[in-house]
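Shared chain: subunit A. Partners: subunit B in the first complex, subunit C in the second.
Take a look at the complex of A and B:
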């Protein structure tokens, strides 16, 4: 569910995670200096080229683009109502580029490497009272819990269907919360047993 | 911070991410309508102000390092350089306000009031100026476009209130100002 990682062994996959994060952050920030013009649409080619270089199949690239199609159409329409077409083009092109680049990062980075990087990233904040291994632990727990919770949602919805209960569309929320919080307590117990308290 | 606190913070961050991934009311938009703000409201009402804020900060930290945890699988540091950035910052402040209003024992009107003030007003207070700046619109124009989301937000306040009270009946341990000091119970399976 969570792993959007697509193994392809390109140079983007092998690049250190910290460097990739930095490139993403700097690149995204740089896009805000883009002048308003129709030419700004060309920057969208950068992440798309990245997908090709990362040897990610076209099918996945198309999925990633389509996922944001709604957002972009809505944004474009509101922009065209209130702004000049040049400005609208730049705003939409900038956003498309950033989202695709972030997605490309996720497609080429293993969660395992991410957690190690988190721990390293947090180390300088140690004197401020930040515990790097606790932050990394929290990130790892969040990722594992997410998989569990998506499972809980499926289970609860199935159970409600099976009993023929016609409830409000959000009736699954309370049972899922109860299961999730119990899961949290179980995880905590497991951590305490392992001496991580 | 105990292991129990970290686990709950992590689980609420994951719940909020999950509410976005299933995309129940996601119809797209510059600021999409999603169930995620329901997660923000519940984090404050259930975990209390500080752990609630920590869980949202953890979620945003995950987003910042590139995990696709926002509605529709969005993520990455770029999200913080987009029109939605202000709303996301508001997500961290909202549980503090909600948690302080709700207190240690949920009462329905406090949850509803907290969700309106924290979950809507505070989030918009941070979100609208940033959105206006990014989209090069005036504050007034941005407020008008944001009104589209108000009915959805009010619906989420109602759901958050019903869910919080339901959870309080079903699993009172969840509201646990006292949980941090509770000894681990035997795991029954």
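Take a look at the complex of A and C:
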């Protein structure tokens, strides 16, 4: 089950959402100026230090890191095939830092504050036909859907265990896709009945 | 008041008839719709909520549902059978707040707290909605819909996932307002019996209507 916000009341929690978002964007862009080197792995310490400063328990930090382990291993292997080890290390270090920083952002930011910030950021584009409320709602829905999909993965694995079935590690993909599509359909109904379509 | 005239719903590819030429005026403050699975109850609820295309006429407060969905959005609330999908925002409080967007900002917090207390959800306010049990999600879905103070509430199986304590609480909340018209789609015949009007739907048609509809339905299913 993906839980996003972790209430801890640290200065990172209290920092204005717009500022956090700007730091995340600027910091992520800055990482691409990082020279290719084994030392680049050290930048991963920045978001990890952020977790400590945000007073987020170690177990949550470890969970967040482990959650992306498969992706990072896959990325490292493919990078090692096509690039020098130093380049591969830098690419993986950059992505690990960005993903961890984004997770830290969601751990320290309430969705309602993010929605309000996105709405404000989109307001200047209103004359161009952009509906700020709908963009903000779409962001909230996307974050909710992530949690829901994680729940479906657990549900499908439980169903496989309950039947004593041992399937290939990727066998959950199709059932999760079907459940996600059904959920998307129900969610569309929910948006209509709540007057948000 | 709800007026249905020759409402028919068919679905492709084989043009299966989900609702067959249904006509009725629903003007009682509380109406229960009962019937077997697949008889057309939820289809009728979806027609009234603007979720399904239909032929004929379905009007709420003299507004045709098919063309007046935006006008009706704030006046008609619906609890869909899959409560988990009805919950849109990540946390309990945020989901209810979404329903309070029409209120001035200074009133939202107090209203939110009142809604949380009324639905016995205060202790879950900051919890991720997805960590709730099915029954708690169902109560959250109801709280989020009732927070908008709709004139008409369409509730599709609102007590299915609830234990006896919360089924009683939700039952009381559904019937709490005299200003709100309730259309209750349910298999819970005790709850249905509390409604002033009862409609039994069978094979996509109204099979019987009135206070003896439950008895006729029970006779039918043996």
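Note that the second predicted complex is superposed on the first by the 131 of 197 C-alpha atoms of A that agree within 3 Å, B and C clash if a C-alpha of one lies under 4 Å from a C-alpha of the other, contacts with A are read in each partner's own complex, and residues count from 1 in each chain.
One rule holds in what follows: a contact is a pair of C-beta atoms (placed from the backbone, for glycine too) under 8 Å apart; a residue touches a chain by one contact, two chains touch by 3 or more.
Computed from a predicted model, the values in this text were never measured in an experiment.
By the touch criterion stated above, A:87 is placed in contact with subunit B alone, subunit C being left untouched. Residue contacts after overlaying the shared chain place A:132 against neither subunit B nor subunit C. In the superposition on chain A, A:98 makes contact with subunit B only, while subunit C stays out of contact range. When the two complexes are overlaid on their common chain A, residue A:191 makes contact with subunit B and with subunit C alike.
Judged by the touch definition given at the top, the superposed model places A:7 against subunit C, while subunit B stays out of reach.
Legend: residue contacts after superposition of the two complexes on their common chain; A:183 is shown touching both subunit B and subunit C.
Between subunit B and subunit C, more residues of subunit A are touched by B. In the superposed pair of complexes, A:109 makes contact with subunit B only, with no contact to subunit C.
Residues common to the contacts of subunit A with subunit B and with subunit C across the two structures: 1-2, 4, 137, 141, 143, 148, 183, 186-187, 189, 191-192, 196. Residues 1-5, 7, 110-112, 137, 140-141, 143-144, 147-148, 151, 183, 186-187, 189-196 of subunit A are the ones touching subunit C in the complex.
Subunit A contributes residues 1-2, 4, 21, 24-25, 28-29, 31-32, 67-68, 70-71, 73-75, 78-79, 82-83, 87, 91, 95, 98-99, 101-103, 105-106, 109, 114, 117-118, 121, 134-135, 137-139, 141-143, 145-146, 148-150, 153, 169-170, 173-178, 180-189, 191-192, 196-197 to its touches with subunit B in the complex. Taken in their complex, subunit C has these residues touching subunit A: 46, 49-51, 69-70, 73-74, 76-78, 80, 82, 84-91, 94, 97-99, 126, 128-131, 144-145, 148. Those residues of subunit B that touch subunit A in the complex are listed here as 1-4, 6-11, 13-15, 17-18, 21-22, 24, 27-30, 32, 35, 38, 42, 46, 58-59, 61-62, 65-69, 72-79, 81-83, 134-137, 141, 145, 159, 163, 166-167, 170-171, 173-174, 184-185, 187.
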